[in-house]
Structures are given as C-alpha cells and as structure tokens.
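Consider the two complexes below, in which chain A is the common component and chain B and chain C are the respective partners.
The block that comes next holds the complex of A and B.
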C-alpha cells in the first residue's frame, strides 16, 4: 500500500475514535415527532382488469418517536422500508395507515396552510447527489426560487441569505452561478443540504445522505451535518444502511427488518448489547480493521423474504438462529426489557419489562 | 472543499489553489451550442431550413414572376431559358410558385406542430404527473385518437369543414396532438420520480410550478427534437391533402396543390410536378437532419 493510503487510514481511524469518545450534548428530551403504527402498503396489480392481488408491505406497523435536537438513526438492509418510512413522514408518498404526530399534530390531517408550515419545519436530504438537483437550475436559481416562493426574504435579502447558506455548507460565493453538473458528488450533497436548510427547518430527514459518496467525502458530509446540528439545534432522522455511519452520528438507533422495527435503543447500548437476534447478526457483520481479529459471526442463512409475502408471526423467524415455536405463530410486540431499550422479539416477553437483562440475553 | 472541520491530527496535504478547481461556468445552452457546431449534418439541415425560411419570409420579393400571372401562350415551357424551372399548364412560372408555396407549406408545418405540442404537452404533463384516474381517462382518449389513421381523420375533418389552409391546420393539429401527449407523458412519468422533483414537492411548491418549472424544462429537449422532426409530417400531409383536392384552395398555391394540378401532364411536362415534389423532399430532409442533430446535441443520454 502506498504511504498516502496508509496515512488516510490512520487518519480516519483516529478520527472515528475521537468521535465515539466525544460526548454528544444534544436532545432536549421533548418529543418533536411521534410515529405510531405507520403502515405503507403498495398494491400489486395483476390480471386483465389490474385488480389488486396483493400488497408489498414496505412499512408495516412502525412506531417510534424522535426527540427535539437528537439524531435518530434508522438502519436496515436495502428494501427493509427505511427510505419509505422517511418519504412517508415527508408526505412524498401517501400512507396506508397509522399516524405521525409532529408537535402533537397528525401530519396526515393537515390543512393546506398547515401543510405549507409543515414543509418549512421538516425537510429532506436525498441519497443520490446526482439525481437530487435539477440539472437546468443553477444553485442560485434554485435557492432564489425557494426563498421567494416562501417569501423568506426580498430584494438584497435574497442574495444575502444565499451567501449565508453557501457559507453554512462550506461552499463559496462563486459556486452560486453554477449548474449541478459542474460539481463533485460531495459538493452536490452540500448543495442538497443548503436546499434543505433554506427554509430554516427544525427537523431534517437524511435519506442515506452519504451512501453514494466516496469514503473520504462521507466523513466531511457527516461532520458538516453534525456541525449544523450543533449550530442550529436540528433534529435528524438519519436513514442509512452503513452501521458505522449510523453509530457515528446517531443518539439512538432503530433497526428495521422487512418493514418492521426490530429494535430501538440508545446507540451505545444497542451496539454494546444488541438484544434482537437480527441486530446481533447485523452487528457481527461489521468488518473489523484488524487482521488478527477472528470474528465470531452470527451468519444469517437464506435471503430476506419477499415483503409481498412476509412470513407469518415474526418476520425474522425464517432466518433467526434462535427461532422458537411461538415465533412462526405470533407477531412479537415491542417490549422494553431495559429502560429505553425496545425490542420486538419473543425472547423478551412483555412480563419481563424493566427487570434489567433477561436471561435469554446471555448467549 | 473545506476540510477544516475534520480535526485531523495528521497534517493535511496542501490544498490545491481554488482557481484550479474552478471550471468555466457553461450553461447547458452554451454546451449544446458547442456540440451542435461540431455536427455537420445538423448544420446542413439548419442551412436548408433557414434557406426555406428566408424564401417563405421574403418570397414576394424573390419571385422572378408573379406566381399567379397566367399566360396560356407560354404554357408548359421546358425548364431553362426564361423560366428557370419551366411553366405550368396555365403558363405560370413554376419557380415563382414554389417560392410562394414555401410560405404556406412552412406556415402549415410550424403552426400545426406548435398547436400539437401545446395541447400535447399540457395533456401529457397533467396525465403523467397526476396519474391514476385522470391519467386513465386522458390516455384512453389519446389512444382513441391514435387508433384512427391520422390522414384519414384529417380527410374526414376536411370533408366536413371544406377546403382552405386554416382548415388544413385545424385538421392536422387535431389529428396529431395525441402523439405529443404520449411522448410527454412517458417522459413525465420517469422525471417525476427523480429526487429533484420529490425535493420540489418536499419544499411545498404547488403542482403547476413543479410541472412547468421542474419537469417541463427537463423534457424540453425531447419535445424540441420531436417537434423539429415533426414539422415534416404536416408539410407532407398538407401536400397529400391538397393533392387529393382536400387541402389548399387555388388561391393558396401550395406545393401539394401544384402537384395535383400538374400530375396529369407528368408525361409531357415532367417539371410541373417534379419540382414542387423536390421542394417538399428537400424541406423535409432539412427538418429531419436538423431534428436528428438536435437529438444528438440535446438528449443527455446521447452525451459522450
């Protein structure tokens, strides 16, 4: 390996260490958003008359809440419904059932003016920095359009605000007149962040904001997001499939599997003491940067079942190493075996709530 | 790009001076223009089109003879001599009539495509963007229109409304817009899933703004290309209708009308029907080459 590569690795290693030790002074504790029993089913049409012959259960009965100022990570394999959850909360796709309360108000029952206000409060950053910017608009045009549409500023104030936004995301004034194709992936993602910040939102849904980026750029964007959060007191719903990214940025983490939430807890607790067998398998799959490390991997067998025909009972039971007879019969309910540590698994029956670590966990 | 917030303990490599990374800011239009200039067939098409446009605009000043002046003694003079392209049965100068006809033929082509595009774009945008029942109703209507052969539908309309160039334009526009609607709809369906359109929705923009400001500009390239190539169709269709006696009236002297008049003398005076036919062919070729070139230039998928 060339010396440069070596240097970069150590650099990154030390950075990660620094950040995990870094205490995160956030989360005022007030709930900003409460998602309860959210469902999003996509109909499958078939036959001559395109009748509905089934449903893809992209999001199935997901509940969690997000506290003001915190970062809630949402992880899972691709196709587990995490992005759909984010888009449903953004109201970019319609929901099937359940409700999302934002500051106590159900977002699916907002009037037109309330909806406009909600749009100002909650924004989204997309995964694909190439697809998320209109190729026919310069950065300045794009931001001007948003500012004037929502009447956030006028005259000189518009340019001032644009310059302020550019500075916030680490771009320069001379970038304002450029078209998206003139930027690198990382820069485009910064523009995407500027767009999200433009309305001065309280909460941002980050839909895999770094998955499409180079590893060296990932950390820059993540740090930018962290800095912005500290500066502006933002709340993040951070959707990702990369566990190390989620661990880095989140205060709490929810693990999704096949449209359902498997486990939800504070980040450190979840990574140190995963309760759900799926989380355990997921965590053991994180590569360790140590050639002598012999991983005791809980390797899962088989593929993720189709969300159009999920297994009966617990959706994970077909692949679960600790499957019990009850698992194929009943859908597990969310229990709280440890304080603030929620898990949907029959290994942790409801009677054992709040009694510390259940015995089943000692494996 | 700023990297000051990394807090890296290892000294950073020297940052490249900012000027190096700055590219000359070219808009999409400049970029397209540059590529267009490198495309000889497109330039050739453009030259033909411009030539005919000039003929159409300054036709009256350019005609060597009055296109309507009859002179029976001069009937069916062969090309060359005083009348460069010969004269027709009534002794009218064929070249003058072709130049005069360019105005009507191009006017028909451009106005028909404009009307078709205007209707088709709106229908396609609305159907594609809203989807569901709105789309189903609109697109079934479009299917019904497309099920008719365009020229037959146009002939039926002409039969009802009578001869005249306005009626030709109406009939051809009426018969042709569904193709545009289909084209735009399919483009909109793919574009509306793009993240920048979703972002626009997330920003709370109203539907019309998203449709016309964020979706339409991005399918404009396809529309322009199709419209340019499409201009040829009404020119041919008009010639066809006039040839069948269902198009222009005798005062309007289009190419097709001229051909229908002269076709019976084709054996004895080939020039009367051949030269207007050549004019149709060249103008259609020009628009097709231009359209082809524009597609190479404007379609992002064709980019190298």
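The block that comes next holds the complex of A and C.
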C-alpha cells in the first residue's frame, strides 16, 4: 500500500493545478451529489400522551454539492449536525425535508432495488471502529457476507477479493481470520475502510474516521485515505471536528453551526480568509503546535445554544462578536462575496455579491 | 539548591495480570518546580495517566507502586492512607478527562464543591457554600448562585469541566494534575478552558502537571515537556527546544505527524507500526521496532536518559540534532 510513482505525480499535478487557480483541483468537475435544503428534525415528545412538543433541528436547511473525485470537508463542533447530515445522506436516518440528488436521482425516492444499487455506490466509515464492527464475526466472515449478498464474486473469487482488500488497506492475509478485538485501534479503522471499499463505491462518507486514534496512527490513516483516493478516484465527504485534519485532506470545506451551514469555500481560501465570524473564531481557537506562535485569540463566550430552541434570526448571533440588530431578526441567506466562497452572514449582504460568472458556468 | 515541589525517582507501577506482570510505568524520574507548568505527552498506553494516579495514591489494589515520590519534602509512597487523604484534594488535586463521569450525578455541584472545603479546611456549611459560589464565579460560570444548586446533568460539557476545575482549586492546591482536561471538549470551549487555566495559574500560583496527547495544547500551556513512550520517559526538555530540536526520533515523529494548519503538505509523516504490547516489548530500546534510525545497538541494549543540552535529556543512542552519546 505504498505510494507508487504514478500516484505521486497525480498529487503533484493537482497541486500545480491549484496554484494556477483552477477552482476544482482534483475533481473532474462533474457534480456527483447535490444536497439541497436538507432538513432533519427530531421530534421532542412530552406530556402524558407523549405528544410532539417541539423539534430538535439537527440539520436545518443545508445545501451543498460534491464534485466527482474531490474531498469535501464538513467541520463544526459537537451537536452542529455534521454527523446527522452524513447519516441522512446515507439514508441511515430518514430525512424531514429537502433533496439529495446522487447523479441526478433523488435518493429519498429510490425503490428497493435502486436503493441496493445506491448502497454500492456510497459507503460510510464510522468514527468508532470497534463499535461499528461485529465482535462475533471474523474480518473474513464480515467481508464474505457483503460480497456474497451483493453478488460481487463467488467461490474462489470471494477469497481473492478479500485478500486484495486487505492488501489495499495495509493489512496481511493472516488478519482475515481474526476477530475485531484482536486488532489495535488503527488496524480496526483499516478494517472499517476495507469494508467500505468492498463494494467498489464511488463515494465514501468518512464520519470522524481519525478522531479516536493516536497522533501517529492518525497520520497513517489519513495517508491511506489519500492514497486510496488517488488510486481509485474516490469522492469523500469528510466529517470531522479537527480543523487541521480537515484542512489537510479536503479540497473544499463547509463549516456548520447549530444545524446550519455557515460558510463553504475552497480549503485554502477558507483558512486564509475566513469570512463568517464563527469560522474566524473557530480558526483562532485551534492551539498551534509551535511555542513561538502568538496569535490574538478571539475566544468565544458561552456555549452552543440548544438545537431544540435555537436563537431567532442568525443562530450564531448570541455568541457573535460582530452582532448587529438585524442578526436577531432575520435568518441570513447564503451569499457569494467572492467567487466560490459562500457565507451565510448579514455582514455580507446580497447586494454586495460578487458579480462574476455564476458558479455553474465555471466547470 | 532549590528543592523541587514534586520529584519522582524511579517510579515504577506494575500490574499483575494472568499473562504476566505489566509495567505500566517503568522507572520514571522527573520533577516539577513551583509555579511551573509541565506537560506529560504520549500516546495511549504510554503510562502517563498511571503516573498521575500513582502520584495521587489512587492505584487500585493489584497494582504496585515502587520508587520515590517526593512532594514538598515528604515521600508520598511512605504515607499512610490517612495522611495521604490529607494531601489528596488539598495540596494535590486532579482534573479528569471526562467531567460527566467524574462528577457524582446524584449530588448537586454545590454539595460536591463543599465536601473538600468542609473536610480539609474545616469550614462551616454556610462558609463552604459561600466559597463554592465564589469559585464557580472565578472559573467563569454565569449566575453561580443558581448553578451551585444544580445537578451535573443540567450543565453543558464546558460548564462541567469548569465546575471540575473549581472543585480542584477550592483548597488552593500546590499542585494541580490535569489529565487530558480538554480532550472531550470542542475547540472553542477548549480555548476557553485553557485560557482559564492560564489565568488561574497566575492568580493562585499553582504548579500544573498537564497530561495530554495533544502537542498543540502543550505548546500553548507548558514551560517544560516530558515525553513518554511504553512506560518510559524518552525525552524531557524546555518546550521551545522540544519543538525546535527534538532529540528522540519518537518525539520528532510525533511532531511531524500532526497536520500543520499554516503549511501545505501532500503527505503526512508516519511513524510505522503501533505501540508495542507491554507484555511483549522489544528488547533494547522500546522504540526500536518503529524507529527508522534503529541499529543493532538499539536492538541489544536500552539507552539511558542522558543530557544532550542543559535541561534537555534524551533516551537515545543517536539523538537527533546532537552528537552521538557514548554510553
């Protein structure tokens, strides 16, 4: 599973592409998934008759698209709805409203057989590699079950495919007969990746894949994910709370706060010139592994409000250092103050929008 | 010569398991001075938490603690449980990683804050309650008079951690052991808590032993760093030196494997392999199976912790950024 020369070349190529201001570095430019106005509300039941007394707005009106071959990072603090977004896209939880188009088809309207095909195309890697593996099943049994259910191979082909998968994720043949508890955290996550790769998916939703791992193991897994992407042309939706990890792996990054998307842009642009006050605060809050680094910190006051009773207007206005009267009144809409840089904040009113080419024409 | 506030000499903590004796902490020696913040860094299983539990005298029965723990002139390993209880929570206190599991869910915050005050400081019920409110205000909890009567589950994660800190500080400890105090928290809350700890340290002149796996937190908080690997101290140095001229290949690897926020890199540095099983650690230097510079010498004998520069000690035959040490 070591990088071969060819892959390094593609990596470098994409970097030069980026430097020459190509807005879509690795991606071929075609939109693979379009999420529009996605909402997921969980009912709160109360009273003797357990009637619905309110809603937890886990995901509230989130829209973005993912291009083929790119990595879209989704960051935010706990409870911001990033994981729920991922699960809704996987159809692991039902949605409340909105649409997710995968290659032009609304995934919420798929028939049973279409759904089975969709599962082959889109896979997920979970945060807790131990909790998401069956402790009574060996790695080989688990992979065999998936392969035979989806009729990808039979007979000797199954074993061959499993050995191939193990090699891809950097494990050995003798690991096939082992149970999850016999592996270390990093190896378990490799198994999680092997499971996701099993069906030859086009897109993988990575839900905090490295948060439970130690630093030295984290870098191994991140490198593996990057290698696999270059090799197989995968598309990633990378959900994480660690901004330095997201910056490292993503082409574009979306920042979520309290169920809403606050800002979305290309990685470099977002980190160099964050527009939303929340993104600015988030970036300045990250400790830097350099004792000589002295940044002025914009420490946010207070906690994230409860999603069952989000503030009126802009959900961030209760903690925002640049709050204006309008912020507590109206929900800001997504504007595009710079090309391909979207932000939902009243500081950037729609009138001052960047008047460049509309996004669709750029690719 | 100035005496250190805390000095560990050859601290060894062992646990007997059915498969053999596990040395979680293996002859660890270091010191912490007054008003100093020292970071203890390492990955899971390196023995950093067991070190802190050994200092607190909280290692449970089958575990055995050997060596010397000198705190303020006394050897803590020689004290009776009764004497230890007078120090624990009073002169040395601890903040744990998960505030929710270390607060008692059936007592109010006030109740839990008052207990050490009444036990150690002999305050009256009323006085203690008053002090509890003051400390909650000190750690930045809004409307402390109201919060003091609430139960832990009514507080958010960041607030619980603040309450934990308040509890640890009520008796003005000389040493505060913070075991991964911000790991379970979000970045914006982490920034608040770190800021708070820095302020309080200035105000109350407490020494802090900061146990963490996050090197960035260390860079921000600590003056000196101790790096542990497989139960051993592998490097200790002032914080600037650790980041500028790491001596041990493991330290260097750790620093290089963090994704940098201000630089662009295509591939992250990897330390190959995993932490060895303590029952089956490699012979010689414990890091030799993952080290890219390992030689036969490393596989034969274990290097000693030797000084490569003033205040900078490294356990390696071939320290980076320095000449080979003849041992």
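Just a few scattered comments:
Basically, the second predicted complex is superposed on the first by the 329 of 363 C-alpha atoms of A that agree within 3 Å, B and C clash if a C-alpha of one lies under 4 Å from a C-alpha of the other, contacts with A are read in each partner's own complex, and residues count from 1 in each chain.
Simple rule for what comes next: a residue touches a chain if its C-beta (ideal position, glycine included) is under 8 Å from a C-beta of that chain, and two chains touch if they have at least 3 such contacts.
These numbers were taken from a predicted model, which means no experiment stands behind them.
In the overlay built on the shared chain, the residue A:124 is in contact with chain B alone; chain C does not reach it.
When the shared chain is aligned, chain B comes close enough to touch A:133, but chain C does not. Shared-chain residue A:53: touches no atom of chain B or chain C. With both structures placed on the common chain, the touch criterion links A:146 to chain B but leaves chain C unconnected. In the superposed pair of complexes, A:350 makes contact with neither chain B nor chain C.
When both complexes are overlaid on chain A, the residue A:186 reaches chain B and chain C alike.
By the document's definition of touching, neither partner reaches A:230: not chain B, not chain C.
When the two complexes are overlaid on their common chain A, residue A:219 makes contact with chain B and with chain C alike. Once both structures are placed on chain A, chain A residues 11, 15, 184, 186-187, 219-220, 223 are touched by chain B and, in the other complex, by chain C.
Put simply, chain C touches chain A in their complex at residues 43-44, 142, 156-159, 186-192, 194-195, 213-220, 239-240, 243, 253-255, 257-262, 264-272, 274-275.
Those residues of chain B that touch chain A in the complex are listed here as 1-3, 5-10, 18, 22-23, 25-28, 194-196, 198-205, 209, 213-214, 217-218, 300.
Listing the residues of chain A that touch chain C in their complex gives 3, 11-12, 15, 77-78, 184-187, 214-220, 222-223, 226, 241, 243-245, 247-248, 268, 271, 281-282, 284-293, 297, 299-304.
Chain A contributes residues 7, 10-11, 14-15, 18, 87, 90, 92, 115-116, 119-120, 123-124, 126-128, 131-136, 145-146, 149-150, 170, 172, 174, 177-179, 182, 184, 186-187, 192, 195, 198-199, 219-220, 223-224, 227 to its touches with chain B in the complex.
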